[in-house]
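Presented sequentially are two complexes of subunit A, the first with subunit B as partner and the second with subunit C.
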Partner chain A sequence: MTGHSLLGAALPMVAAINWHSLFFLLFASLACGFALAVVFTTNVVRMALHLVLSLAATAGLFFLANAEFIGAMQLMIYVGGTLVLLVFGVMLTAQQPFVSIRTSARDQVLAGVAGAATLAVLLVAVLSVGRWGLPASGEVDAPTATPLGMALLGVRVDAAGGGHSGFLLPFEIVSVHLLVVLVGAAYLARAKRRRTPRPVDVLASADPPLAPRPAVAVPGGVTRGASRSALVGSGDAAGGGA
Partner chain B sequence: MSGGSWGAGGVAALIAFGPFSEPVTVSHYMVVGAVMFVAGIVCMAVKRNALGVLMGIELVLNGANVNFVALSSPYLQANGPGLGLDGQAMALFVILLAAAEAAVALAITLNFYNNHATVDVDRAEDLKG
Partner chain C sequence: MNLGSLLTSSLSDTLQVSLPLFRPELCLAATVVLLLVCRMLPVVRWLDSAWIALGGAVFAAAYAWADLRGLPGSPWLPAATALNRHELFTGLLVFDPFTAYIRLLLAGFLLLYIPFTKISGIPGREEETDFHVLLLGAVLGMCLMASANHMLTVFMAVEMASVPSYALAGFLKGRKASSEAALKYAVYGAGAAGIMLYGISLLVGVLGSFHLPTMAARLSTVLAAGSTGGVTTALVLGGLMLAVGLAFKLSAVPFHFWCPDVFEGAAAEVGAFLSVASKAAAVALAVRLGCTLTAPPLADPAQLAGLADARFYGAHLVGLLAALSCTLGNLAAYGQTNIKRMLAYSTIAHAGYLMMGVAAAIALGGTDRAASRDAVAAVAFYLGAYLFMNLAAFAIVALLRNTLRSEEIAAYGGLIQSSPGVVVAMGLVLVSLIGLPPLAGFTAKFLVFASVAQAIALGVEKPLMIVLLAVGGLNTVFSLVYYLRVLGVMIFNPPPADRVNEPLPLVSLPGAFVTGLVAPVVVLGVFFAGLYACAQFAGGFAS
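Right, the complex of A and B next:
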């Protein structure tokens, strides 16, 4: 009997739940919580994990705001691409002394005060706009992937964009920009030939204390410092002392 | 048993008439965006690891994206979508530029690590006068 009364009391309550708000609160708390966790974690590997979770929760927020294409792009480009890149960077540089670099307490307090002040200003500014606090009235059902794809190719088919041109020029600029960036990144990150041993190699080879650097005699008289770095193949670290 | 049923009823009432029944508006999204933005700012200022600074930049860009998407959504505002499709296109471009920026910044970081054997940005003082 108690079960029946419990069910009878709970059902209208459940029916009164606004599921949009419920899922918004879920994703918003996840996104904000993990964003703050990125700040308060000192271990860089855990920071990367928290950033992944925060950005994925943000994709959920995008889905809830009728931006399903942006949400999918957030998951594919941000979570799937950019963060994999970041995690690679973390893994390549996560030598023991750099996994958690401490900041001085004075800097932390200063940044905390400045951050709290910025947050206060932003919140006051956001909540003071009355128009943003009014909920939507009518039912809207408008998928946005097709109009967005058309707009990127220069044709506006949505009602709000009447009279405006599409985004064909920015789309082309971004495409060329991405190409240039990829070429530039590959150029910057490539392993260069160098005449002096890198500090990484010096540190790595000084690992056993006071041991002489192991040197390999190469036919032709070139001595080659042994490189223990995983970043550069041994063939690129040529010329310890010619 | 009746105490348990009262407790469950109270929880259900809290769920139904608390913040969960309030419709979501642009302001809610803006608050989330502001929190992510400030978290990114503090992250950029505090972290000494170059990759931590990069993560702060990603958080800042993402907070801006939340605002763009919120302003372009027809579900959240009383008088129709504010930015419409423009906001979503802007969010898309921000995502693409963030990916490009992350690629270049990571290449620079790896180069810095190659040359200085550290990723501590406080050690990057070769140009200091």
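Right, the complex of A and C next:
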């Protein structure tokens, strides 16, 4: 009897909840909260984990906006691919000085001021726009996977009237770009000893010898640091190369 | 319209319109693949990858040349009856005389640059495939920057040009300075790209389109309707953030911090690439965005009038960056002891001069289309002359490094005794960089200043243009000192004790190459009509 009346009272309340807004608030606060956690954590591995969670919450926002395709891509590429690689890279290469990153107080204040100022300006600008521009045909249904796939092949089935661009060129040319970038990353990460000296190797004004590091070149072989850094990619490897 | 007819029209548009006008880029992309395939096949592995890259560049240049020549209205064909403007790939790219000119310039740069790196020997035998893949990949992105007609292409092209450049900056593996330069460049570039992307999203969000001419049309109606809410704030902010991304690519002050460090840390060869090709593409993109968004081709008078505020904003923004870059670049160049660092600041200053032309072109777009076209032509000519001067300067620095083992200005002491030829060549290049007659640099600078003066004469944005002209003139005088100081060291200082006999004899392959690069600097100063006709044709894209 009491349970029945409770349910009766609860049902209209449940129906009155705007689930869309609720989930939006949930995902948005998760995304922002974990983003802040990335900034304020000092441990690199934790940072990477928080980044995963923040990006996953962003994928939730995409799903709420009816953009299932982008949401799925966000999950697959960022959460599934890039970040797993990042976490592995961090865990495999993190050495003592890089495990916990501490920012000096001066930098924190500077970054805080710059970030807060940018955020304030952007918020004022974005919130003051009364009406964002929409495609001319008015309310457009968010395209699902099929029209998106067609658009990537250059055919816009969702806007057959013309005036909308297909995305054949970016889709194809990005593959060339990725190939080039992969070659660059492989070059920087490769730890091969040179057989012939370069013209600059004998530069009189060349760098002073690097500070002694624990990972010094093993004669005829590969430096320890370099082989490890091959996993992380360009930035670190460039410093650790032979 | 059913799916079949959609597919057919898309296919015919791609195969018959877009791809034939996209041949230079296709050549570059094919060469990238060919370079990698040749490394895998044992039969052709012995083949020097420089020759493969050079072959690809020859094809790209030949197609780019044919495209430029084949356009109606070019210096070789009768005037056009219709507008020379083809949108490729459903509006993502635009092919017009300006695209054709810049593409030819970039392909021509490759034709000079690949032999230069071969002679100076920086990508050694073991790493040259990687070097050429990165080089061609970056130039592919630069070609897209010159022909972008869609915000998606703008961003993608900037990234395609930037990311291989980061790797090139760190090409000297194992040198701390080089790795530091690459990291600094990459981090700075990532930040600038993020800001630019945010700016693009603001602009696109307010205007509701990615397509540049459509954006301009919407911008006109939005501005004509008067300030509604914060739309203007968002537009101003979006434009500013877009300009940040461009200014980074242009190494314009105050986004220039990466430039001297990267140039000093990276090899002189990479510096030549960044300061010539990268700059040309960035200037082309600035011209493209500035002119298309504020005075689109085929705009009717009402639309042009609606864009007056956009032109005012664009001209002042670019003009401010130009004045700052010019002044700071020249003043900071004084104290430099490293020649590459000095040339980096000189590059920043030249970006300033180029942007003065862009500012004039934007400002003139509404009142006098012909004068605006002349301003774009001046910028295009400047890029052509700059290609030879700066490439020659970096070539001399790189070739001298190979024998002198130093890139300090002080090491050049007394070069006049041991190799007078190279001092004459360097002298011509430096005097051309100052902009003194009768060299190519003078003609280029004169044309840019003339278009600024033209804006003053027509009363367009008069205060700004007067300031720009004054700043430009003063800076030319400033720059005299530090360019001539290098020449002074070469002539008057005693040679260091450990000087080799003749660092760079003119009668040798490197010497002949330097002569070949310096000759156009002299020739273009006197016989500039041919290049200027091409540049003027390129400038005609605006209407």
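In this section, the second predicted complex is superposed on the first by the 172 of 242 C-alpha atoms of A that agree within 3 Å, B and C clash if a C-alpha of one lies under 4 Å from a C-alpha of the other, contacts with A are read in each partner's own complex, and residues count from 1 in each chain.
We adopt the following convention: a residue touches a chain if its C-beta (ideal position, glycine included) is under 8 Å from a C-beta of that chain, and two chains touch if they have at least 3 such contacts.
Everything numeric here is computed off the predicted structure, so don't read it as measured data.
**Student:** After superposition on the shared chain, which partner residues are touched by A:Val124: those of subunit B (first), subunit C (second), both, or neither?
**Tutor:** A:Val124 contacts subunit C only, not subunit B.
**Student:** Just subunit B (first), just subunit C (second), both, or neither: which does A:Gly154 touch?
**Tutor:** So A:Gly154 only meets subunit C here.
**Student:** With the two complexes superposed on chain A, say which partner A:His20 touches: subunit B (first), subunit C (second), both, or neither.
**Tutor:** It touches subunit B, and subunit C stays clear.
**Student:** Looking at the overlay, does A:Ala35 come into contact with subunit B only (first), subunit C only (second), both, or neither?
**Tutor:** first
**Student:** On the A-aligned overlay, A:Ala185 touches which partner chain: subunit B = first, subunit C = second, or both, or neither?
**Tutor:** Both partners, subunit B and subunit C.
**Student:** Between subunit C and subunit B, which one touches more residues of subunit A when both complexes sit on the common chain A?
**Tutor:** The partner making contact with more of subunit A's residues is B.
**Student:** With both complexes overlaid on chain A, does A:Ser165 touch subunit B (first), subunit C (second), both or neither?
**Tutor:** second
**Student:** If we overlay the two complexes on their shared chain A, which of subunit B and subunit C does A:His177 touch? Say first, second, both or neither.
**Tutor:** A:His177 sits against subunit B and subunit C alike.
**Student:** Which subunit A residues lie in the overlap of the subunit B contact set and the subunit C contact set?
**Tutor:** Shared contact residues on subunit A (touching subunit B in one complex, subunit C in the other): 122, 126-127, 129, 131-136, 156, 160, 164, 167, 170, 174, 177, 181, 184-186, 188, 198-200, 202-203.
**Student:** Name, in rising order, each residue of subunit B that touches subunit A in their complex.
**Tutor:** 1-2, 4-5, 8-9, 12-13, 15-17, 19-32, 34-43, 45-49, 51-52, 54-56, 58-59, 62, 65-66, 69-70, 72-81, 84-86, 88-89, 91-93, 95-100, 102-104, 106-111, 113-120
**Student:** Please give the residue numbers of subunit C that touch subunit A in the complex, ascending.
**Tutor:** 1, 3, 6-7, 10, 14, 18, 25, 29, 32-33, 36, 88-93, 120-122, 124-127, 130, 133-134, 136-138, 140-141, 144, 150, 152-153, 156, 159-160, 163-164, 166-168, 170-180, 182-183, 186, 198, 202, 204-211, 214, 218, 222, 228-231, 233-234, 237, 267, 338, 401-402, 405-408, 411
**Student:** Of all residues in subunit A, which touch subunit B in the complex?
**Tutor:** 2, 5-6, 9-10, 12-14, 16-18, 20-22, 24-25, 28, 31-32, 35-36, 38-39, 44, 47-48, 51, 54-55, 58, 61-62, 64-67, 69-70, 73-74, 77-78, 81-83, 85-86, 88-90, 92-93, 97-98, 101-103, 107-108, 111-112, 114-115, 118-119, 122-123, 126-127, 129, 131-137, 140, 142, 144, 147-148, 151-152, 156, 158, 160-161, 164, 167, 170, 174, 177-178, 181-182, 184-186, 188-189, 191, 198-200, 202-203, 231-232
**Student:** If we count contacts the way the header does, which residues on subunit A are in touch with subunit C in the complex?
**Tutor:** 121-122, 124-136, 153-157, 160, 163-170, 173-174, 176-177, 179-181, 183-188, 192, 194-196, 198-200, 202-207, 210, 234-235, 238-239, 241-242
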